[in-house]
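This is the structure I have questions about; it appears just below.
Note that the chains are named A, B and C in the order they appear, and that numbering of residues resets to 1 at the start of each chain.
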Amino acid sequence: MQSKKITIDVSHTAKLANLPLTIAEENLFSNQLSSVLTYVQQLAEVETKDIEPTAQVTGLVNVFREDIITPGLSQEEALKNAPGEYKGFFKVKSIF
Amino acid sequence: MDVTKLTIKGAIQSLKKKEYSSKELVQGCLDQIKRHDATLHVFLTVDEKTALQNAQEADELLKQDITKPLLGIPIALKDLYTTNNLRTTAGSKIINNYMPTFDATVVTKLKEAGAIIIGKTNEDAWGHGSSGENTDYEATRNPYDVTRVPGGSSSGSAVAVATGMSLAGTGTDTGSSIRLPAAYCNLVGMKPTYGRVSRYGIISMASSFDTIGHMTKTVYDNALLYEITAGCDPKDATSVDVPVPPYTKLLEKDIKGLRIGIPKEYFDLQGMQKEIQEVTQTAMKDLESLGVQFKEISLPHTSYAMACYYILVPSEISSNLSRYDGIRFGHMRNQFGAEAKRRIMLGTYALSVGYYEAFYKKAAQVRTCIKKDFENAFKEVDVMIMPSSPTIPFKIGEKASDPLAMYLSDIFLCPVNIAGIPGLSVPCGFTQQLPVGMQIVGPQFSEERLYSLAGEYEKIHEWYTHIPNIK
Amino acid sequence: MKKIYEPVIGLEVHVELKTNSKMFCGCPADHFGKEPNTQTCPVCLGLPGALPVPNKKAIEWCIKLGLALHCTVPAESKFDRKNYFYPDLPKGYQISQYDKPLCENGWIQINDRKIRIRRVHQEEDTGKLQHIEAEGQQVTLVDFNRSGVPLVEIVTEPDFHTIDEVDQYVKQIRRIIRYLDISNADMEKGSMRLEPSISLRVSGSDELPNYRVELKNINSFRFVRKAIEFEIKRQSEILDLGETIVQQTRGWNESKQVTLPQREKEEAHDYRYFPEPDIPPMRFTNVFVEGIRKQIPELPDAKKSRFMKTYNMNESVADILIQEKELGEYFEKTVRLSQIPPVIIANALVNQSMDIQNVKPEEFINVINKKQQEKQVDTGVVETAIEAVIASNAKAIEDYKKGKVSALMFLIGMVKRELKGKGDATTIEIELKKRLA
């Protein structure tokens, strides 16, 4: 089957993915991703009517935990790797 | 004591007989690291001081004749494994300074078994790759030929074991990442049944594909580690509550009459190197002498496996990597490497409005078809065999500029992750002085069967004794 | 010419469950007033390698609420990932439910109308943000104590047409939630949050408007009322000018007394939902669901009907007694323990603010008896007073005979005046009715 070439709106996708890209990256990825997406299109050939999608290969259902409190991290441990910290809070540049 | 010639089984006996101490053993590994790591780029973090301290403690316990399954044995952990107070980078620059505050469940189990953690090994960043070249650091080299790749993504762990820098190397396998480096470095590599080993504390790549395994020189060593790491974990809701058999005690099981399936679509593959085909077929002839039966089977959806994989896996990746936002740890997202960015965008696209049905949902349905292919085949055969890779270890840089070509090198390995079944790669020969591996695949929770067959084959050819001559 | 518009309002209510632990980890769920980032773990902090495991009790409570709201509980359900980026969302996705919620297609009676409930589903809460100036810079501070707390989301169809209906719905839902004892549902503390969606259509039309404005981040019902009122006015004015209303999210600005657009952080709401691969799906048997249904206590509406019927109580009194489950229970306990007519106990509870937490029913009985004695008056004296009142209030008698309840109240008041405050209103009522029958 002749695959139709897919082009991806790299800029929009990168925004959705919160990935800042340079123009050079946008151009490079545009071609590379396009070739991958064009390749994967062939799945459309597979007959999948009435086939359930697989989300879990284990067949497990109803895996729960009891409602009990278990030990967690101290404030110090929680903040251990924080790039920015202020009076026990994680600190980031204002989002506004 | 020559660390390059040791196995875990042998080392345990030697430690018991006091031929050397754990401290000497660990020091031997550390010396080997000092000798060759600058060339081979195996480790990202070496925990020398703690390792020697732990070795000393192990020696105290050994003196008192206390036994633990891995007491005093040095192992290397892939840097996707969270280790308390020991830097964990995932092979990435984004968390190059991350100090975890907890151990992964498997790490706790290995520590409780007495293992000594030598350090954290290099890998394709986040597990994204089949060659080791996608690390944000220096690419690991194949010790059999330093101009070639060792396979990935668990590249460092493989080379650590192959060169005696440790006696076992842990890894993860989402599409190939234990079995391929095992094949390229002459090792036994186990990709477990999905859910057999806890994923808690192992940095997630693709949640419904990731499996937690390891590489060793011999089948016995591999089974020994598996007895320790396998088992249900209440902290991992996808881990299965199936009893863990004593794998090491079941290696001598009789394999006469074992039905081995040969998937015809795999051996028909274009792009398979002639030598690989020859070496593998020689190995299969050797197996025949053990009384096994070969049967051709079909896995009809084989040609769609890569497409299925490269929609579902990046989709899960794109979501699993969203937590790296530079707020609670790590650096900003623009510092992701190129392959990570590619996969994040592929996945974001496949899940987005307007494309979800045609890409993600469709791939999830094809996944069911592929899974069924294996289930049907296993009604006629007990295991399957195929080469672990269609090619010998390729040259560094050979596939780096063509991501799609890189993806397609996993053709024999990815379908196994799609189906969630176990795969064991074992050395089966050499060509051009480079290792060739063959993969034994079975239904869910059939690892005993895989080990038995591999163990019997190993008796015929002890390929693990062909250690690399590092130039 | 000005058109008449009808508000079309839907409501999303988020309720924090008062389980011991969070939705997907063992950290404490009770986070109000705690020091920042002292109740976290790798799971709710979204640390690398951490994995979620669902809280069984939270799921049971969500189902309990759905059943109390007449929902069906489908045999299969699952969690999904809702992907977006915001500093209070540690994993970069929220574990929620998309197309297979725990409960769906319920309803609740408000006055003479049924408000349809589209779904009741389970999800996890986010962390809390604060925007301040620190060390000379504008910064955002994040506290993850609240991250991962179990949330139940109740979504209605856009069936509300007046603010009053919304008001009653919120009060009802809150009452039911507290009867089920699954949450304190306290708006001030944030354990209940409201998000109305408002649009307008021309009065008489049946169609749903093609836009809606969501109101978010309003933490008191008083402000929600004001915001809805303002929105209705604002939208009418725009529609009157023949213009279209921008679909957006707005918040209430108390100082300016207006709603204002809120800045959206995600692109066009593409949440890229997909099934949560870290959590296996859920399957519920009939036996399991019925087991939960049995745990539902008598709910406010049923209790109110029963009180009115069993105790011959009038609606306004019953309404008050069912406000809190404890009050109704206190009333019935008192009735069981004494010989005093229930109507008297009811009125006493309603008219005197009893500290039911600290005054036991037995003591309360003594209080009532004492008061009764104080008001004690000879039957003969009462009868005389009644005759006097009847003699001089012919119009009121006529009105009463016509069925006017207010006339009866008037007459009781007159008798009490005659008796100079003595006597018991309930007894007087009984005697009056006998006399006028």
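Going forward, a residue touches a chain if its C-beta (ideal position, glycine included) is under 8 Å from a C-beta of that chain, and two chains touch if they have at least 3 such contacts.
Because the structure is a prediction, the values reported are computed rather than measured.
Asker: Have a look at B-C versus A-B and report the one with more C-beta pairs in contact.
Answerer: A-B
Asker: Looking at CA centres, what chain is most distant from subunit A?
Answerer: The chain farthest from subunit A, judged by C-alpha centres, is C.
Asker: Whole-Å distance, subunit A centre to subunit C centre, using C-alpha means?
Answerer: 37
Asker: Using mean CA coordinates as chain centres, what's the subunit A-subunit B distance in Å?
Answerer: 23
Asker: Measuring centre to centre with CA averages, how many angstrom lie between subunit B and subunit C?
Answerer: 54
Asker: Among the residues of subunit C, pick out those that touch two or more other chains and give their numbers.
Answerer: 42, 45, 53-54, 85, 87, 92, 142, 144, 270, 272, 277, 279-280
Asker: At which residue positions does subunit A touch at least two other chains?
Answerer: 16, 18, 55-56, 58, 60, 63, 65, 73, 78, 84, 90, 92
Asker: Among all residues of subunit B, which ones touch two or more of the remaining chains?
Answerer: 98, 101, 208, 234, 237-238, 318, 322, 325, 327-329, 348, 352, in rising order.
Asker: Would you tell me which residues of subunit C are touching subunit A in their complex?
Answerer: By the definition above, subunit C touches subunit A via 19-21, 25-28, 35-42, 45, 53-59, 78, 85, 87, 92, 129-131, 134, 137-144, 263, 265, 267, 270, 272, 275, 277, 279-283.
Asker: Taking the complex as given, what residues does subunit C use to touch subunit B?
Answerer: Those in contact with subunit B are residues 42, 45-54, 81, 83, 85, 87, 90-93, 142, 144, 270, 272-274, 277-280.
Asker: Looking at the complex, which residues from subunit B come into contact with subunit A?
Answerer: Touch list, subunit B to subunit A: 97-99, 101, 194-195, 208, 234, 237-238, 240, 301, 303-304, 306-308, 310-311, 318, 322, 325-331, 333-334, 336, 338, 341-342, 344-346, 348-349, 352, 358-359, 361-369, 371, 403-404, 407, 419-420.
Asker: What residues of subunit B sit close enough to touch subunit C in their complex?
Answerer: My answer: residues 80, 82, 88, 90, 95, 98, 100-102, 104, 199-204, 206-208, 234-238, 315-316, 318-319, 321-323, 325, 327-329, 348, 351-353, 356, 360.
Asker: Hey, which residues of subunit A end up touching subunit B in the complex?
Answerer: Answer in residue numbers: 8, 10, 13-14, 16-21, 25, 28-29, 32-33, 35-37, 39-46, 48, 51-58, 60, 63, 65, 73, 77-78, 80-84, 90, 92.
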